[in-house]
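Given below, in the form of structure tokens, are the structures.
Shared chain: chain A. Partners: chain B in the first complex, chain C in the second.
Showing the complex of A and B:
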């Protein structure tokens, strides 16, 4: 009963003071230590650095709320990158989107119909797709279609393109979760799939859809990142699988399913972004940063309210 | 046996039954869950479906709820045969099920839960305003104060049940299935439910009331149908039957045949286990009692009154804040205090058989022999070679009359009764002298029940002692030498098994909350 009490305050958002306060705290600390942090140039750098991760983390959040996990997002990002420079520019966007949807379908069908554990299922597709990406483009390079580069390199009302990319996906994800039937049913499936089914929710469909949306988000992140660096790399996304899970967990999303929110994921992503940027500015070794992130994750998670929904 | 007419007086309720089960048959693997069962339910009435555990009550209702489909036979709603392929189809047919284990999602609000699966839409967006309005309306009709914005995980079980019923009302259901609705309710909540049921009845709904509690059947219901071992036994108007007749229909034999003869070897002076003033926390009542050699002691009362906590604190699973448990040692015959941890309790020769065999008790994918051996190996050190004494196990299996192909069969494939025997057998194999058993025959058919009762009696007669919790009055009355009634975490009454009656136990279990409160104060 007391564990249910914990659910009372953050509801199903998983939001807590820790999740929301951590990026603010980091922001204050870094700006005190490093004067150059608060420059417009640097802040817009941070924004650009976290955009791809934010897009993927939003997709990861959807899968996590359904009770799953998707490790293949990084490989999908990499594969997107290699395809963008390998197929005819006019076909590039449809191709990568189709690939994204297919990967999501395979993951989703494996998990929801063949009941493969999501960790194993997406680990398999992650490994497979990484190999495929390296086969397509063994050496980094190539040129990204011009219109894509234009899409990531504009500024409007004094705000950079990265901001609008973030805004688009944040609004989209928030709309899906809060306003649609999909959002409500996703939470239901994640909390207790059997009971959701008893209420007439097609659990299989919603699980598969969540993986499709997640893979598609990875394709979007791949397009953004490739266009930003103006070149392709078959290992570009390698770090994203674990970083997206970290961001999601920092943001109060529970990997057991049924709990999570867009503001939480934004906070988690910014926290990770600030760790990288801040330590860069202060001149800390990236290896130290990696270790520090691990410790931070553990501390943040231990301070958050947790509950196995449905218990 | 009585011969009873089927169905009610058609002149009163109209000629077409709201629900008719026609020769329904359902198998699960090799188990015949329902065997050509036919029952009629009339609009504006409460129809009890009763029978022992495993009689097929829930299976029948799951067919009506669209959770399972019959292998043969059909279900007619208002005279039209319908195929209820899934829960959604059942809902569209006007059937609302309030499952025993409630199906509300803890992370959705009351309003969301009530409309999950049929959300009102405004273009592509869920119309939350309308959803809240309709939810409020339905709850208001039930006279409920529950906020539609509360998360269901924060509600009490009684409130959740209310929400489930309100959900049926918003779905415009004509047929309600209440599956053991009082299992988790306290007394005021039961009163509220009674009110609800009569209101639904007056609105012309048909209510199927699944229960094996006699007093509820006689209080709430108009008709009662009895199932036994998956077969239809009889239907009668409640006003035309008495308790004894109903019990003999349910059990299919006289109560006396079900239970072994009580022992004479009980030695009240020789306490094997002594529980003195244990309390789960500082504001729960203290509980003291002792368990004698040769005795079977039962903890009764309504469900959720603290029986579980008491037996589990003795088993070392739940911690208690004060008090002491002493057990007479086998070797020295001196009562020594026991450290209440699972390992120490087992070492002291106390075995615990949890209520939920599947998740807490057995290793379903391991063989019978391995499951049993885990009890015997308990006393070995970690590095000793784990030999499975197959001869010993075979003897035990034979003695317990476990029906299995061989000792190598997976436990998950066995029937509930055989699984329960394995659980008990595991402790017998490890040579304990006290058994703590939660609901010893839950989900077990009548034949296996008798064998389990005999097994427990033999164990007690051989110098052991057994403590059980049970929500079945017949079991408490028939099996136990002594019965303690638990209410609000306190022991409120004690009965000798030979002298107690159902009414006395129920009265003690149900007495008013005010009285209950005084008891608590006394203890404090």
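Showing the complex of A and C:
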């Protein structure tokens, strides 16, 4: 395999040795540096830490395959968290799901029907929703409905709840991409929207649907994260927009559309999670960690070849 | 919004429909500013006193300067969201005392720093063809992360004397910041109007493929635009640090998004090749004025964010539909 081949494998999965090898390499390095890394306690911590990111990254992947990007996921997560403590517990789940679908619809309609650039559209909704979340809950606090907390705090067959959350969404995403017409058409739309349209695919519909799925995944991640920390915070999700894009890009998903895979996204998310955890263990300041994520994002994005220059 | 306005004016003119079309084709910022001023006139007339207006203009100057860079970026189909990171870094270089140099040298270092960040952004965007949004967002993240972790050791403190003078003092009734703004704005307008570079920017914005095929130095134009944007961010940072009087780790954080909103309001959109410098400049004033108005109406940060997001979305949608026709 040539050096180019190592970085960019052909095919629509986008999986490359780098994408899959990076988490393994990090795993080995961190376990050599920090002996406490391999403890069951720490590994289940890593699992719990990356669950929300993984769920969002899977949603981001769907949008990315369709050729878009969604920067509003972090704000949707925050908004979900604030809504969970603000509305009546029996109505909380329907409310947040409805909000997720609405946000996705607005983003999708803006991008697919009004042809606004996805970055501009989702940046706008990101800002708007962050404001809304702060309006609903100016100071962190509140209590999450009990049944949600129970949903993230069980263990089954010796494995923690976080594992089952991950498993559910991974299987769901893999099923959607591999086994449904939706998956096939999504790749077609992302690879070449015009060709897809000429072959009878309703491009507008699939683009909108991808944004709806992405926002819904952010709602799910918001429910998980809020329940896990047992409280709400209107800025909880602020870092997720870029982190999810980083995870997706590291996993070989092409932001230009048409290329991506669930295993790649899992690998990308684990890479990011291991890096965060590893730096945590050696006692690096969280702000340096943010910088490091930025550097990683730059590297991941630079490895992706594309034609256009600009946004 | 613009319809009611045009109807009013249309009475005295023979073709109201043409006028309506004309007003609808203007950047949002012009109509918006007029409407805002009218609204303020009826609800908060105190905001329209010359003294307060001049204060608002002073407050708008840093935004007005970064908007120049952002509008250039957007005209070549790119974006610069690293502005906030650059400003935080500038404030840190100037006020932390980490670098033991005199004030003019520190300012020069800031300019050099802007050149460097702009070049790195441009390199990643043009040579590696990475998405400008991701590149510049990551850059902002890296810069503010570094500054925050460094400030645990050297906290930012007072701004240099000369910058405080420029940021806070006035000549007659006019704040010096206004003159700085004009001193950056007017040469930019003239340069973009008469230079070949300005034509290149228009050409790329109008049709990137055609520009590329016809041999316009595409990569160089985008590179220079990004370097200029970072430099404008540095100037804006200098002004802002002087204006605030002390450095901080969250100074100028809202400028990146505000500049984006201002540019869109000012009539510059992706891929239209249209849009000048004046529209975004008016929009910078309009945004700052609206934030003051919102504060005086008792709406805080959440309201500001929601309006900002709403403005960007609505303006972008309207322009996109207009373009599609």
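Note that in this section the second predicted complex is superposed on the first by the 285 of 311 C-alpha atoms of A that agree within 3 Å, B and C clash if a C-alpha of one lies under 4 Å from a C-alpha of the other, contacts with A are read in each partner's own complex, and residues count from 1 in each chain.
Here is the rule we go by: a residue touches a chain if its C-beta (ideal position, glycine included) is under 8 Å from a C-beta of that chain, and two chains touch if they have at least 3 such contacts.
Predicted model, so just to flag it, every value in this text is computed and none were measured.
Student: Regarding the shared-chain residue A:196, is it in contact with chain B (first), chain C (second), both, or neither?
Tutor: A:196 sits against chain B, while chain C stays out of touch.
Student: Looking at the overlay, does A:291 come into contact with chain B only (first), chain C only (second), both, or neither?
Tutor: After superposing on A, A:291 lies in contact with chain C but is clear of chain B.
Student: Taking the superposition on A as described, I'd like to know which of chain B and chain C A:128 touches: first, second, both or neither.
Tutor: The answer is second: A:128 touches chain C but not chain B.
Student: For the overlaid complexes, name the partner, chain B or chain C, with more touching residues on chain A.
Tutor: The partner that reaches more residues of chain A in the superposed model: C.
Student: Name the contact category of A:179: first (chain B only), second (chain C only), both, or neither.
Tutor: After superposing on A, A:179 lies in contact with chain B but is clear of chain C.
Student: Have a look at where A:188 lands relative to chain B and chain C in the superposition and call it first, second, both or neither.
Tutor: first
Student: Under the stated touch criterion, which partner chain does A:301 make contact with: chain B (first), chain C (second), both, or neither?
Tutor: second
Student: Let me test your reading of the model: by the given contact rule, A:242 touches which partner, first (chain B), second (chain C), both or neither?
Tutor: It touches chain C, and chain B stays clear.
Student: If you lay the two complexes on top of each other, which residues of chain A touch chain B in one and chain C in the other?
Tutor: After superposing on chain A, chain A residues 309-310 contact both chain B and chain C.
Student: How about chain C: which of its residues touch chain A in the complex?
Tutor: Going by the criterion above, the answer is residues 76-79, 124-126, 128-135, 137-146, 148-149, 152, 208, 218-219, 222, 257, 260, 264, 270, 301-313, 316-317, 320-321, 324.
Student: In their complex, what parts of chain A are in touch with chain C?
Tutor: Going through chain A, the ones touching chain C are 69, 106, 110, 114-117, 119-121, 123-135, 138, 242, 245, 249, 255, 285, 287-295, 297-298, 301-302, 304-311.
Student: Per the contact definition, I'd like the list of chain B residues that touch chain A in the complex.
Tutor: Against chain A, the touching part of chain B is residues 65, 67, 86-88, 91, 97, 99, 103-108, 112-113, 116-119, 121, 124-126, 151, 153-154.
Student: Quick check on the complex: what are the chain A residues that touch chain B?
Tutor: So the residues of chain A touching chain B come out as 4-5, 7-8, 11-12, 179-181, 183-185, 187-188, 190-192, 195-201, 258-259, 309-310.
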